[in-house]
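Quick notes on the structure that follows.
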Amino acid sequence: MFETWIQQLVNSLTIGGMYTLVAVGFTLFFGVLRLINFAHGEVFMLGGFTGLVVAWLAEDLGIESGLLIIFLMFVFSMAVCAVIGALMERFAYRPVRGMPVLIMLVTSLAVGIVVREAVKEFFPEGANPHAFYSPFKYDSFNLGSVVLDYTQIGLILTSIVLVYAVYLLVAKTWVGRAMRATSEDLDAARMMGIDVDIVIRNTFFLGSALGGVAGVMNGLLYLSIRFDMGWVMAIKGFTAAVVGGLGNIYGAMFGGYIVAAVEVLVVALIPEGSRYKDVFVFLLLIGVLVFRPSGLLRAPEQKVG
Amino acid sequence: MPEVDFIDTQVAREDTRTLAEKARDRLALGGCQVALFAAFLVGIALEDAILVTGFLLFIVAGAVGWGRMPKLNSWARNHLARDKRFAQLVLLALLVLFPFVFLDNPYLIHLGALAAIFAIMALGLNITLGFCGLLDVGFAVYFAAGAYASSQLAVIFDVSFWIGLPIGGLTAAFFGFLVAWPALRVSDHYLALVTLGYGLIMNLLHRNFTFLTHGTDGVINIPPPSIFGWDFVTPIEIGDLELPFQMNFYFLALIITVLTVFVSIRLRDSNLGRQWEAIREDEVAARCFGVNVRRLKIIAFSTGAFFGGIGGAVFAHMIGFVHPDNFVLLTSIMILAMVIIGGMGNIAGVVVGAVALTLIPERLREFEDLRMLLFGGALVLIMIYRPQGLFPNSRRRRELQAEKINTLIAESGRDDAEAPGLPDEVKV
Amino acid sequence: MAADQTAATLLASEALTKNFGGVLAVNDLSLEVREGEITAIIGPNGSGKTTFFNLIMHLYDATSGQILFGGERRNLLDLPTHKINAQGLARTFQTLRLFPNLTVLENVLIAMSSHVNAGFLSALVKPKSLRQQDKDAEEKALETLSMFGARLISMCNEPASSLSYANRRRLEIARCVASQPRLILLDEPVAGMNPTETRGVIEDIQRIHEKGHTVLLIEHDMKLVEGVAHRVFAFDHGTKIAEGSFRDVSTHPAVIEAYLGKRAARH
């Protein structure tokens, strides 16, 4: 019994780290643009496919070190996703900046459709699932009676390191300060001499790069990727962002772990839970939106108007 | 007084045209309608991908050109306003004529029926979103509720379609009512997320509550509607002419669409509609002036959902098969896009949007899966370049009593005494 | 401008307190507005004036205290916002809150018709009685608009967003008057207006008053307050620090202190 619980804990930390990386993107975008970037899930998916291409190329080039390949996958998918994210912002979201919620929302849904369909059509065999390259998939070690997976441990550490790096970036650097200032009040930031366009672009760079990392992690963990996997991740990601309080960067950092914990608990405790785990995630989403709209961290705000 | 002239132009004048002038105007108007309709028929009959693409580009060019010609615009608008009834009758006649043009191509008639079904649903969403301003990204829920309720009633309990139809609508209305409760507490992005989550939850339940929905096996063998033993898949024969059975569904859907349009107009022009619009414009101000926001939002959600359910019920009995894949997020986005592209709140625009978004993807079948990519790309471009939709909802001018206004102005000469040219008007 | 001392109390705030997460926006506020008077509330920014209006309309829940209205002394805080207008209160907003895409006429019609229940069935059937009712309402609305001469009525079929700033303020007032309230609350009616326009608004307020409406207004413009107010309340830190005629209040040491800081008051 004890071993299963440890195993569940490790599981929720692994997927929680992934959700967190995606959630940070959602919350960053919402902060600077007041936009729920539904296409962010597709960026995640794109990260996975970039990782796969890197693995193929590495094989062609004869690179054998698994660790090096994983490292290259992370680096390249971050780069590709950062660029794609910035392009999305420049060509789709900037023209509709400040428009009614509905317009921005439909734009991001449509951008998501474009990315997803483009991968489906133009990636070789894009409509089918692809096996992912994961060099350490069978390696594990024993800790007492608990069997631990190297990949999982690696992913947990990676996500923690990255999240901490983002924390430092946002909290300590002037780039992060500009981001926070823009989130707080875009017009005020502009008046203080901050180039808001650049801040927003940087935000998309950062958020999308993290989404790309999550995409690679997902592949390493589940060993298979598909063109339509982005949407599910998008939902988990923005649920995590909402749980932490949309726009609240620090909140998103643990929102992902909460969503993951809910999922793992539902599967563990409820019979046939795996079929309904997403239902519970969505219920969590709705529940938080309705009862604690500023997230679980902050005290409920006064109803105004 | 210059203002008096100004007023005069706004007020619907008595029709002073002679009989000949009237006939000339109507001929011109009707001619334009017939010409447009003919172009439409050619468009949907095209099979070749290149021709279809060319036709679409032609439409886009036409739409852009139309926007650049204000004179033509106002000419059309004036004519439409003057002979509204006439134009409506011509349109109705053309729609009745439509299936007879394609007697040898029943698939097109089927598409026409499908377009009408989506028009019903889009009009439903238009009530929630266009009139009351409530962002509902989970409209497929109501589509599903109507489809499942009426089809399962028919399959399991052998209930007639004519009873299943209103029950389907009411079931959907109940689902609208359900989401209204949490939706009342949130707005904007949060409302979008709540309805989105609602749609996703319901779709998961469609897949997993197999005792209600047969899960991913779907509901099969849904009987077609029937009247006095004659069912809708039996073709009507007139003499030697056998009319394709798709026509029966087409007319069924058309009649319901017309009814939905009628209800939409009545609601829009009523006290209720005005209060909905007030909520859309400024909820706090509306509440301060006595609008019962809670009640009206619930009505908006339920009414919109009702038509979603009606559309779903007709859909189920026409296609004969209902599957959870029909009710995914993409369906909701499609219906949402119909409303936005048409022009939120504009009833005619929404119908055009529904017809366009049903027919165009079907005509692009040659492009196979690329059409979703094209749809996404087109949607992005529309959001950027024409977010208000093809037919933005302009204020409907009321027909006011001109004399009353003029007397009131004449009586209150006070303000006109003020020196002209004062920096009175600070434009914001 | 002698205020009638025997006038009945129309609105009474009793020990009203509003705590925004530790900030006392309104603090133990008690005051009475007399029927038939024009009462002004002055006070520095953040002294709780607009919060007080929002509490009257029950846009916020009060932390404690009550707001009693009319002879029957109903506690407004027991009523949902949408029922308060029907009690006989209407307000304007500091940041204009018209319905921008509704026509000028419709803006007024909303205020007149909303406590008449908007029935679903009657909207569909549109019975004759309703049509007559609509027509009557329209006529009444036009008459209300005519209180500003040709300015609003000549635009009655245009969206409210096409009005000039000053005319939007006028429309807000017309919208209030149309709901035939006993008490009209005006939140900074001349904010952003030039002196000529301000003079016009003073006349407008006096006209509303002559029509029998009691007026309670928030204003920074002392010219206006001096010109119209029978009685003045001065607010600071969410509570009433002085009360009386404009002259009394404007020379009250506590008021000078609130506006100019402690040192100015001492000298």
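Just a few scattered comments:
Just so it is clear, A, B and C label the chains in written order, and each chain counts residues from 1 on its own.
By our rule, contacts are C-beta pairs under 8 Å (C-beta built on N, C-alpha and C of every residue); 3 or more make two chains touch, one makes a residue touch a chain.
A quick note: this is a predicted structure, and the numbers were derived from the prediction, not measured.
No other pair of chains shares as many C-beta contacts as B-C.
Among the other chains, C has the CA centre that is most remote from the centre of chain A.
Comparing chain C-alpha centroids with the centroid of the full set of protein C-alpha atoms picks out B as the closest. The mean-CA centres of chain A and chain C are about 49 angstrom from one another, to the nearest whole unit. Each chain gets one centre point, the mean of its Cα atoms, and the points for chain B and chain C are 40 Å apart.
Between chain A and chain B the centroid-to-centroid distance comes to 37 Å (mean Cα coordinates, whole Å). Along chain C, residues 59 each make contact with two or more other chains.
Counting partners per residue, chain A has 305 as the residues that reach two or more other chains.
Multi-chain contact residues, meaning those touching two or more other chains, occur in chain B at positions 284.
Contacts from chain A toward chain B in the complex involve residues 30, 34, 36, 92, 95-96, 99-103, 105-107, 109-114, 117-118, 120-121, 127, 231, 235, 238, 242, 246, 275-276, 278-279, 282-283, 285-286, 289-290, 293, 305.
Across the complex, chain B meets chain A through its residues 129, 135, 137, 182, 185-186, 188-190, 192-194, 197-198, 200-201, 204-205, 208, 283-284, 329-330, 333, 336-337, 340, 344, 369-370, 372-373, 375-377, 379-380, 383-384, 387. Chain B contributes residues 1, 3, 6-7, 10-11, 263, 266-267, 270-275, 277-278, 281-282, 284-293, 296, 299, 303, 395, 397-398, 400-401, 404-405, 408-409, 411-416, 422-428 to its touches with chain C in the complex. Put simply, chain C touches chain B in their complex at residues 57, 59, 81-86, 90-91, 93, 97-103, 105-106, 109-111, 113-116, 118-120, 122-124, 126, 134, 138-139, 142-143, 145-151, 153-154, 156-159, 164-168, 175, 179, 192-194, 196-197.
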